[in-house]
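The data blocks that follow each hold one structure.
What follows is a pair of complexes built around chain A, which joins chain B in one and chain C in the other.
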Partner chain A sequence: MGREVAESCLDGVVMEMVSAYCSRFYAAKPELAAGRIEAIGFQVGHQLSERYTMDRPRFSDHLEAIKFICKDFWSELFKKQIDNLKTNHRGTFVLQDNHFPWLTRVSLDPSMESTDATESDSASLGDTAAQTTTMLLYFPCGIIRGALTNLGITCAVSADMSNLPACSFVVRIKT
Partner chain B sequence: MASTACFVIVSKNDIPIYDAEVGSAPKKEDQAYQHQFILHAALDVVQDLAWTTNAMSLKSVDRFNELVVSVYVTAGHTRFMLLHDTRTEDGIKSFFQEVHELYIKIFLNPLYLPGSRITSSHFDTKVRALARKYL
Partner chain C sequence: MIVCVAVVGHQNNPLYLQSFTEADDALKLHHVVHCSLDVIDERVNNPKRNAPTLNETFLGLLYPTENYKVYGYLTNTKVKFLMVTTDLDVKDADARNFFRKFHAAYVDAVSNPFHVPGKKIASRSFGARVSTIVKSFGSGTTV
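Right after this comes the complex of A and B.
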C-alpha cells in the first residue's frame, strides 16, 4: 500500500472527472451529474476511512468520529487539518476549511475553458465558474459522507462556498 | 500440532462475508456446522462488549466446552471472529492484524461491494497461510 503519485496528477484527475460528468455525460441534467459525482466521492470516502482507521482505537461517539475526519482524515488527504469546527450539539456540524486545496486552481474567468488551471483571484464569480465549483464541491461532500457512513453515522453533507478559497461543509446527522 | 480453529468475518449488517476452517486437525463434517453455530451465537456477546471499550481486539469473549471465541472489531464495525481451542492462545492478535491488512486490500478494490461475500481465492490462500503461521 505504499506507491506514490504526484499531487498535481490527483488534482488533474478530479477536475477532469467533474468536467466530464458535467459537460459530456450528463450535459443537460446537472442534478444527475451532481448525484454521480457525490456517489463516486461516497465510495472513495468509504474505502479510505477503513484504511485510515486501521491502526487507531475505535470511536466512542459522533464527536470523536467528526474530530477524526477533521484532523487525521483531512491531513491524510490534503496535508492540512480542518481549520474550524462548529457544532450545535444537536447533530449539525460545520467544518470550515480556509484554504481548500482543490479550489485554489479553479479558473474564475467565465470565458475560459473550465479545465484550464490558472491562479484564482477573489473577484466575483461568473455563472459557469460558480456552477463548476459547486459540482467540484460535491466530490468532497461525498467523501465526508462515505467516511462517516463507514464509521456508522448516517448523515447528509452539503458545501457552502460564499468566499473562495475558504469553504465550509455542513454535516447533518440523521437521527 | 493438531488444533481446531474456525475463522469467520461478519460485516456490520451481521452478514457473514467469509468463513474458513483453518485448524490443522482432521476435519469432520458435523464439527464444521457446530463451529459456525458457536460463532454465530457469540455475536450477541460481542455486540454488548463492543460498546464498552475503544480497543479493537476484544480477546476472548465466550467459551464452549474447551473452545474459546476471540474477536477483533474494526472501526467500521466489521467483526473478525476466531474459534479455537485453548492450546493456541499466542499470536492471535498478530493474526488478526495481518488479516485486517488483507481485508483492507480487498475493501479498497473498487469492484468490491462492501458487505458482499469475499470470493477471492488469493485472499483465501493468504488467510490459510497466516493461520498456519500464527495458530
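Right after this comes the complex of A and C.
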C-alpha cells in the first residue's frame, strides 16, 4: 500500500538537512538554524502523530500520551522503544534512549578526525562536532514537540547528550 | 444516503465541508453540522457513568433530526468527523467502517507537506477519495 524507502536514505537526508541548514543557509546564525530544524521536526511530528494514533482509543491523561510516544511512536520511527522514562510528577518527563539510531555513527573524539578538517586545534574540532550533533538533536526534539502538541499537550523539549550514543530528551509540559 | 460530511479541527474550525445533494439546502446541512458540534463537546466533557466508551473514537449517533441522522467520530488529535445521512436504518458496523476509511483518507491528506495544519484541506485527491467512500457507503462493500 505504501511505498518503502531504505533506512539509510532517511539517515542520509536527515544528516544532509542538518548540515545544509548549519553550514549553508544560516551559516553565521546557528540559533536561526536550530529554530528552523526544530520547526521542520515540529511539522513532521505533527503529521506523524496523526497517522500513528489512528486506530487507538483516546488518551486519558498526559502520562498516557507520553507513554504512547515512548512505546508506539518511537518504535514506528526507530524500530525500538525508549529505554527509560522518568518523571517528577509535576510536568517534567525525561525520555532516555540508550542507543539513539541517528547518533550511532557520530564520534566526538577529536583524535579520530581525518585530514580534511581545516581547524588545526583539536579542541575546537571537538566543539564543531559537538555543535553539529546538538543541531542534529533539534530535529527529534521538534518531532516530539509536534507529536505532543497535536495530542493537545503544549510543551518544551530539549536534548541532553552527555554520553553518546545514549541521549535523553527532557519534556517540560507548560500548564 | 450520505448527504454531508465534515471535518472540524480541535478549535472547532472547519477543515473540510462537503455536501452530496443537488438541492439548495447546503446551508441547512452546515447548520446541522454546527449544532452537532455542541453535542460532541457535551459527550466528551460529561461522560456518562455507565458508558464504557469513554475513550473510544467512534461517538455514534449524535443528533436525530426530522430527516437526518448525524454520526460523530473524534480522533486522538481532537479532530472531529461528522457524517449526516438520510438513511433510516444505519448499521453500526457500516458507520464505523465509513469513519475508518474516512480517517485513513484524512491522515493521507494531512501528511501532505504542502498542507498547512489549521487551514482547510484543499487537496483534490482527498475530495475524490471521500466521494468514493461516500458512494460505497451502505452497499455492504468492504475495502
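Quick notes
Assume the second predicted complex is superposed on the first by the 155 of 175 C-alpha atoms of A that agree within 3 Å, B and C clash if a C-alpha of one lies under 4 Å from a C-alpha of the other, contacts with A are read in each partner's own complex, and residues count from 1 in each chain.
Just so we're on the same page, a contact is a pair of C-beta atoms (placed from the backbone, for glycine too) under 8 Å apart; a residue touches a chain by one contact, two chains touch by 3 or more.
Remember, predicted model here, so these are calculated numbers, not experimental data.
In the superposition on chain A, A:7 contacts neither chain B nor chain C.
In the superposition on chain A, contact is made by A:51 with both chain B and chain C. Applying the stated contact rule after C-alpha superposition, one finds that A:16 touches neither chain B nor chain C.
Legend: residue contacts after superposition of the two complexes on their common chain; A:160 is shown touching neither chain B nor chain C.
Residues 43, 46-47, 49-51, 53-54, 56-60, 150-152 of chain A lie in contact with chain B in one complex and with chain C in the other. Put simply, chain C touches chain A in their complex at residues 10, 54-57, 74-79, 103-104, 106-107, 110-111, 113, 117. Residues 12, 54-56, 73-77, 100-101, 104-105, 107-108, 110, 114 of chain B touch chain A in their complex. Listing the residues of chain A that touch chain C in their complex gives 43, 46-47, 49-51, 53-54, 56-60, 150-152. Considering their complex, residues 1, 43, 46-47, 49-51, 53-54, 56-60, 150-152 of chain A touch chain B.
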